[in-house]
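Order of writing sets the labels: A, B, C and D. Residues in every chain begin at 1.
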């Protein structure tokens, strides 16, 4: 986890550092130059951000390895920025959300089990590669999770996609399942559970509960999300310690307007 | 560079290690488990691969920071495997090539200059983000480079795309420019030069020469490719030390059938 | 309506005739040649098909101008065939469904109001064209209607999309609304209501009822569907005589497995 | 052909009439209402348009059945308008061009040979459908024809795509082939030849010549285009009377800026 948390304050530095850990030397040198640029954003916000990010890294440390951050880079940061920005047009919002979703889906697929294999190239060479296992499916949590279905389909042409609708009961205020449709053999599959914004975590917890009632083990669930609050991620992992959560940013403020903006019902 | 090269022999381990450097602790632990699995691929090929990969990392060290490898992961390895495999169907070849191209394009965009900015969220919070600069364009080297145009367009809706055709002169065997069409102000742009397979490097060198004759500096060129031989990358960097090359794999055997298979003229 | 109904028996002829009415002379001549080919399909089924299609045309006549058939052609017939065929793979099913959906969406957009306008071309010529009015939105009826959302989005980048979930109440067996989310100003919009298979028509009738309760007039609803039974279309129009229904085929047998196959929950 | 040409003057009426011929009664009634609206566009231009359109229909009559117009509708007219309009943004230009290309491709596929077949539905019914024959391929004429490749690929996932580059020789001003790459068995295929703007027709004539030199018969070529001048279509058909030309509009002014705008090299 140490590679994610940061000491020197600015969120931009932090996030760069995170990605640079996995790159080559020269990029770290570039990074040094970038830090100079970032530093010019002023000292005033420094404490605040330091606080915020110590918080984020603290959360990551507390929650443990189930919470995985997408390897961050500047393009992802731009997509996050545009999605967060209230002045973004609907067209740009949907376009950038779709790009970020695609990257999360690619990384999510990467969490699935695979095995090694050897193939023969057209010139007769042996090439040692890998082959992912079959038996996966997607499940979107309505409504906002449905925004992620096309991204999944674009990477896995004929993947099966289930769906679940959870809403608060008007009287009891408790999360209640209104609709659920899964592939019949879901208990034997790995599930990519899709929900873009983890705020309180309650909806996801209820969805996972329904899936486990269908015989699925939480350790076979990879939750794909775009943004999470520390609280949301923590709640989910406390309830289901074996689940994997993938997200692009842990931040106390979640863009809870996501579904409304994406579908244009705001 | 040390983070890329590997000591302990198996290519799968190596490649995993590369990406794990940039991830969290728990993923390294997972990795340990994976290594066990990989080890079962046997000792017979070990020396050979060790050699191959020492070679690759040696090449990376020699060539220097201009050559950047896409952060490798298992999905990317699967895409590489399917593209390499001579038994892959045309439909699957194109589908997997398009997915790998998209990932290279995303990482290529990430190499472009940006600046920090602060935006306001719908709930009134300030969010410190980044904004990429305008003034980029794509240039594809015909024919195989054109396979990458749609991936670029899918990430940058209205990016301008130039094109260049280079072929060997039948008499002199020298690379000769048959066609070139660029945005008029190309000398003031950053250029994403697209060519999927770097084999000898000659075609790319000729293309960069044409671009520099149009006033573009090599340091403003990011070459997007899928596969490169050590020789190809080395030749290009020797000729143009300021260029940036992005690829997903450096391997002595390049899938030179790429264009033929992608367009179905094989 | 006369241009749709057919006298001479074979469904293929009928459907060709339908589209040829709107084409040029030479295509009618081609058509004559095609009829010869179709005739070879034998006389045995003739009566049966004659009956089926007289039925279809009779239904169209009864239902009246609210029911519009997509101008049929052989590609559309192939897509219909592949979707109907139980031996079709999931990948092909989704691919062909998406193509047919795109064509229905394009024709649906064509039903929306527009006005004429004059534009200036780059060479300074005046060109008399048309411009569609703003103020449209999509509404999908869950679950199968959601399969049509991406097709709509592919034609109208930032169109707003509402959603409605209707299910039979377990006790009373009556259609009941479980979820509804619309753009706030839906009563002032034209609505493209999406539901691929019209079987009994009950679900659509309930959905339209909800929309009218939100202040929308039925005459501002264009129902986009792929397949309809005569009964389904008739029921909807009887209930809401001002609605427009667009479909590609009216046939007593509806492919009711559509949603299950498309999402892979069969 | 009579169904295309028009007597009563306004181009908008004409174009509506063309499509209405193939629709149902009620649409013709709607059309009557629309005409009133169109009539308000004034009498001043009436003669001019009458002339233009008599010219177009005259051309169609002269050229004969090889020239096929896409069944026109108002959405297509809007796409034509946006593409013609010099004030259109690059993003909108590309988006609308892609939509129009998709419609031309769908109609082009429809010109290919097919045979009837009977399939079994999941509920055990027999369904009489059609099946298109294999053995087709695409060939794009560079550069603007390449804009149509993705549309073709989106409808035919793994279709083979050849390419040809023709330019004027600087000395002789004659069209000269600089590059050609086709599937090896092209002489046995049906070819969808792609070139969006037919202005003089010279480039296409040269491309067809090259194809015939590879053993392909002109009757196996379907030329997919967006816009054509009367002269361009006439020249091509005079040279190759067996070719099929598909376009969306025959108009003396061709948007010759198409390639420059689409690729952004203007």
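Points to keep in mind about this one:
FYI, a contact is a pair of C-beta atoms (placed from the backbone, for glycine too) under 8 Å apart; a residue touches a chain by one contact, two chains touch by 3 or more.
Being a predicted model, the structure only gives us computed values, none of them experimental.
Chains making contact with subunit A as well as with subunit C: none in this assembly.
Taking each chain's centre as the mean of its C-alpha atoms, subunit C lies 25 Å from subunit D.
For the pair subunit B and subunit C, the distance between C-alpha centroids works out to 44 Å.
Subunit B and subunit D have CA centres that are 37 Å apart. Multi-chain contact residues, meaning those touching two or more other chains, occur in subunit C at positions 95, 157.
According to the touch criterion at the top of this document, the contacting chain pairs are A-B, A-C, B-D, C-D.
By the touch rule above, subunit D contacts subunit B in their complex via residues 89-91, 94-95, 137, 142-143, 146, 150, 153, 157-163, 165, 167, 178-179, 181-184, 263-266. Contact residues of subunit B toward subunit A in the complex are 1-4, 11-12, 18-27, 29, 37-38, 41, 45, 49, 60, 64-66, 68-69, 71, 73-75, 77-78, 80-82, 84-87, 95, 99, 102-103, 106-107, 109-110, 114-117, 119-123, 125, 127-132, 155, 157, 253, 255-257.
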